[in-house]
Amino acid sequence: MNGSAGNKFGFTVNRSRLIDYDASDRLVRDYVTLREPSFRLCFACGGCTATCTAGQHAPFNLRRMNTFIRRGEIEPLREEVTRCMLCGKCLLVCPRGVNTRNVVSLAAEAIKKLDRNEL
Amino acid sequence: MKLEGKKRVWAEYQKEIPDDHFFYVRSCIRQTFFAGSEQTFLKIMRDDLGKDIYEDPRHTTCTGIGYHGDVVPFETIQTVVARHFALATEAGYKNIAISCVTSFGIYTEILETWKHFPETLEKTRENLFRATGRVFDLPVSISHASDIIYKFRDEIARKAKYNLVDVRSGKPLKVVEHIGCHYAKMFPKHGIGGAEFPHVLVGMIESWGGDVIDYPERRHCCGFGFRQYLVQANRGYSLSASRKKFESMEPYRPDFIVANCPGCAMFMDRWQYTLKELDGITYGSNETGIPTLTYEEMAGLILGYDPWEMGMQYHNVQSLGLLKKMGITADPAKRFLTKDGSRLPEPANLLNS
Amino acid sequence: MSTVTKHVVVAGGGVAGMEAAGALAELGHRVTLIEKEQKPGGHLKQWHALFPDRRPADDVRKYLSRRIDNRNIKLFTGISVEKVRKQGHDLHIELSDGSALTADAAIIATGFDLFDARRKEEYGYGIYDNVITSAGLEDMFNAGRITTADGRTPSRIGLVHCVGSRDEKVDNNHCSKVCCVTAVKQAIEVRQKLPSCEVFCFYMDMRMYGPYYEELYRESQEVHNVNYIRGKVSEASVNINNRLVVKVEDTLAGRPLRMELDMLVLMVGMEMSQAGTRLAEASALGRGINRFLETGDHHYGNNLGHVKGLFYAGTCTAPMNITDTISHARAAVTETVRYLTTR
Amino acid sequence: MSSDLFVIPFNIGLYFILVYSVVRSTIWFRQLSRSDKLRLQRGFFGMPFMQSLKEIFMESLLHRKIFMRNPVLGYMHMSLAFGWFLLIVFGTIEADFFGEKHLNPPSHAIFFRYFNPDHGAAGLPKVFGFWMDLLLAFILSGLLLAMIKRFIPGLMGMKKTTKHTWTDRIALLSLWMIFPARLLAESLTSGAHGSGSFLTGNLGAQLASFLPVAELAPWFWWLYSLSLGTFFILLPVSRYFHIPVELLLIFMRNSGIRTGDKPSSLTEVQTHACSSCGVCISICQMSYAAGINDIQSAYFVKGLRNGKDIAAITANCLMCGRCEEVCPVGIELGPMRMIERRQGEREFKPMRFIDGYGLNGKKAPVEKDPTQSYGYLVRNEPVKADVIFFAGCMTHLTPSVIIAMKKIMDSAGVRYHFMDENGGVCCGRPLMLAGRDREARELINYNSDIIWRSGAGILVTSCPICYKIFNESYYLDTRVMHHSEFINHLIEEGSLRLGYLHRKVVYHDPCELGRGSGIYDEPREVISYVADLQPATQEGSMSLCCGGSLGNLTLSSGKRALIAADAAKILTSSAPDELITACPLCKKTLGQATETKVADIAELVAAALPGPKGRARVRTKKTLVRVHDNG
């Protein structure tokens, strides 16, 4: 809501929720996929998210994170990606053999690099 | 772009528009913000096209804004609309001409409801009779006022004093047409050209020499979205929808926007100022804003009406440049003078003034 | 098996009709095969390669040609069966050229029509230059050139699943079954032929129901890097560069998504064919809510209609792939022969 | 006599390497922490020094460990090292005895024959000459084996041999040239002078029959000197630097210096002490079971030594610890890799040898990240209990283990609190294995808090991964027990009544429990108490990794499956009724790789619990099974 926006209108322009595929880049995705090709195999069943140890305590959704990474939407992941405990349960449940643990690890790494303009 | 494809779609969505004898119902927003437009429409109908168009001063709002704003129940609005039908019946008119797209959607929705659920019609008749003692016949046809201009677009073209053409280069003007959502998105078969590729304004623009811009967000809502606009805190949604459209049309360098819905015309005009204030961005060539016209004003200009008499000076984005491009001489100094020379109030914060 | 030669009319010379005719002729029956087009083969004529193994469609076309190369089969092309009527023990069959045939039994194999993509106006098929159908893409494969209308090599192609299927707006609630796997197959083919072209599949569900389909889907991700976005494309438009812009909800991200494409391929579904509809209406044959021919029993009478001696084969009963169509046609032949011998 | 110029290359090389070694050692010594400096000083004047000498003799010269693992390979190393050592010793004695004067420059011993071409005709010199020839033949036989190993590794029982850099190649070439050159030089000189023993004498005589040996001899003395000189100069930048560095490592290790968790002089000494012998490659399951041949410790250490970007190699390791068990040099490979993983996220800066203050200069200390990763964890009210059971994340995917543990503890009347019954917090070990200690520390603190406040005396976990970190990195006032230990404890104290299952079972040591925590006996005692425990083909310290290891971040599921299949095949080669393990991850991984039933030790014990009508007896148990180290 923008009711309290401090201007003479009492509101501001809402930020678009749109994923504009052409306005973002896929640097993080490419970084992850190059190092962990199994990342491509995710078909978003959500098994990882269901079994996730960290996910029992806080919003951490690997399934959705994978989607965001693929679309180049990094902003929502910056904090979420650090919540993983790397326990590896997701590895055992993934029906497509995605090396999920490495995906999170690489994503966190890539985002840090992105922020340092190293990607 | 394959024009044949569009023509095929347009051919599929044609509707019967009566030739004459209309009962005119006005629009709350149009008569408030573009009072000259409705007057222009009546003038064109009566003076230029020689049609019989009647309006009853007793007709009221359709309460569509209240209905979409969740404060007017469906039974109520049905009864209000039934009262308008009763006025038409009493005056002996069977063809309704509607100024507002919201009303047009309401009328269509109600008639469709009555068709599929006849008991609601009976209930409405009963409600209307109990409340006012009036009875009504169902209208034979429902037309949006833009449908009627569309029907007579070629006749207007024959009488044209100006065209949608840059008089200096001879090139057609680039026009963004915007169709109100409730015109055809709810009931595509009631709109000329359907919902995806509406033809109602395209037909006018092309008949009058302009080029239509088919930009990616063409179908997108202007941002009115009753609940979004009516609650001040929600207006950011409304504004962001308009911005999406402006950003999408901007690369085409449009000469002006024309809308068939009063709300759309109002928003796409006024939000340009708001966006300038909030975002610091002014759209349009040389960042002067994109003039936003009603279709009545567009038709009026073609027929040589005085822009100041039509009230075009009360748009937030001024259209002096456009008029010049079309070769219309209108003295800027006379914008805010009445015919007898006394001063009209001059709005602040005009764009492209 | 019958020792007496009977006459069976097969209406429709597509995959089902050709297989049924061939099988009947092999058993010694006299078959009249009637095809409305100038050549038999049905929709298979247009296919370049088949899923899931991407073998040339020509393999199956050749098989079917050999199948009907039998002196017991009389092939008529350019005419269609318009009406079937029971006349005593026989069937009276009226053709579009005004002539009529009498047969001991008949098999209807009138197949399907591809959904007319123009009915999904929001995708702009027939309006935007680079919106094509899956059949159109198959044509491009056959021609050996995948290019945009102005001859450029596309750098990004989108494939829209479920066009005309599972869509109440066009009165088709049924699933056409084969479009998902066709999309996967075509996506792989595009990636192979144009390695620098990104491919996106916009799907509602991935219905990989057949053997090796799921494996193909996996391969498309693992080996060919095909991208999948779960969500139905809501509309397509063009931008100032004449590139297509599509809007879709990325349902897995829970957010709307917009992207530019050079080409949009609509995976058109299957509908009851118009010729089959005419025949069904003229002959008062029952049809299901999906408008395909209604069979006697979904489980054990799937080749039977309610007219004795009249049998159904292939996609006139429901969408199916080539494998199932051939099996269904063979089952129809079994039913026909049983009818002819026990009548 | 030194006017013979050919000795110059040798002298340059020799003095260079001597000076370099002194400088290098000094730098390393100065980089040691204060306590390690004290350790080394103390070690130098005490028992450790004698131990070191013994070890140097056994390992650096005789190559005992390699010999025991692979006699041919051992012989190769021994002949080269010990042979050369003896050649130098004997040569020096010879030169000292028979030379013109005592305390000759080293070149006199090395080129003794040149300077004394007629020496060794009879008597004691002849005996010496014989021995010198014999040693040379000994070395040359080893050299021959080395060449065979280089070109046909299979013949030596080696799967792969390490890949060489170009400096390695030149150093190798010069090393290979040394002894053939010496042979020819001595033979030619002997041929010209009619001297020499059975090898050089005979060969010399043969050559003299058709060659102008006197003219040729200087050329080969030059070659011999050049080879030695080149080898010495290239020594610091080649794999052969390990020869001197290993001696230093032995001293350091025997003085009690350990790798720790940060880069130090020791880590650098260890990188240089690796001889790239390749034993770690042959033993590596990722190599022989999964066909991955570029990440083994030899490559890891080499990459580290050469300042290459080894992030991928560092991450791609099961951390099973098998290589460390067999490393002939005794390099602490696990801790070395862990140090690298901790560096992982930082920008890679290649280290060059010359500018090197080595690892210490290479990387900044672990970054302090002020933000908390797991700030979202909520502290719950503690539950008081005597015993805490922590199943661990992985055990939650093997509910049968949890059920079995509950049954066992209930049966033994244990009052326990199931700490992570409704999904707990990870123990932190997986993060630590990924080199992310800071984050691991957050989880450790969280879990420690719960354990401390529970007041429990015993913490039981059914996961070896958790067990290891609870033991090593948690500060607890609680006895940490793996469930196999705990069950053993219950049996010993007589609170668990168990029947006997007539099943043949084989036990698989989980890496983190066996090699990782030294728990080999307790599981075996428990198993042999309730079933017929059969020996496994590879067990104890050389037990296999199941392939599921969390130590490896990058290994694909397909490769893991290959390792699992191979391990399962070996473990079930005796066709046991059941394969027992003590780790949920091993159970899951092996379970997918074999038809044989794979069960956790708890499941086996639970099956031996008396049923409602069961007649279990409390047996006195003392049939100790010892692990047979077949490593």
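Going by the order they are written in, the chains are A, B, C and D; count residues from 1 in each one.
The criterion applied here is as follows: contacts are C-beta pairs under 8 Å (C-beta built on N, C-alpha and C of every residue); 3 or more make two chains touch, one makes a residue touch a chain.
Here the structure is a predicted model, which means the values were calculated and not measured.
Novice: By CA centroid distance, what chain is farthest from chain D?
Specialist: Following the centroid criterion, the farthest chain would be B.
Novice: Closest chain to the protein's overall Cα mean, using per-chain Cα means, please.
Specialist: If we average C-alpha coordinates per chain, A lands closest to the whole-structure average.
Novice: With respect to inter-chain C-beta contacts, which pair, B-C or A-D, contains the greater number?
Specialist: Answer to which pair has more contacts is A-D.
Novice: Please report how many Å separate the Cα centroid of chain C from that of chain D, as a whole number.
Specialist: 64
Novice: For chain A versus chain B, what separation do you get between their C-alpha means, in angstrom?
Specialist: 45
Novice: CA centre of chain A versus CA centre of chain D: separation in Å?
Specialist: One centre to the other, that is 39 Å.
Novice: Any two chains that touch count here, so list every such pair.
Specialist: A-B, A-C, A-D, B-C
Novice: Which part of chain A faces chain B closely enough to touch in the complex?
Specialist: Within the complex, chain A contacts chain B at residues 1-3, 5, 7-16.
Novice: Give every residue of chain C touching chain A within the complex, in rising order.
Specialist: 206, 217-218, 221-222, 225, 227-228, 230, 250, 252-260
Novice: State the interface residues of chain C toward chain B in the complex, per the touch definition above.
Specialist: 118, 121-122, 124-129, 235, 237-240, 242, 245
Novice: For chain B, which residues are in contact with chain A within the complex?
Specialist: Residues 232-237, 239-240, 243-244, 274-275, 277-279 of chain B touch chain A in their complex.
Novice: In the complex of these two chains, what residues of chain A are touching chain D?
Specialist: Answer in residue numbers: 35-36, 38, 51, 53-54, 56-58, 82-83, 85-89, 91-94, 97-99, 101-102, 105, 109, 112, 118.
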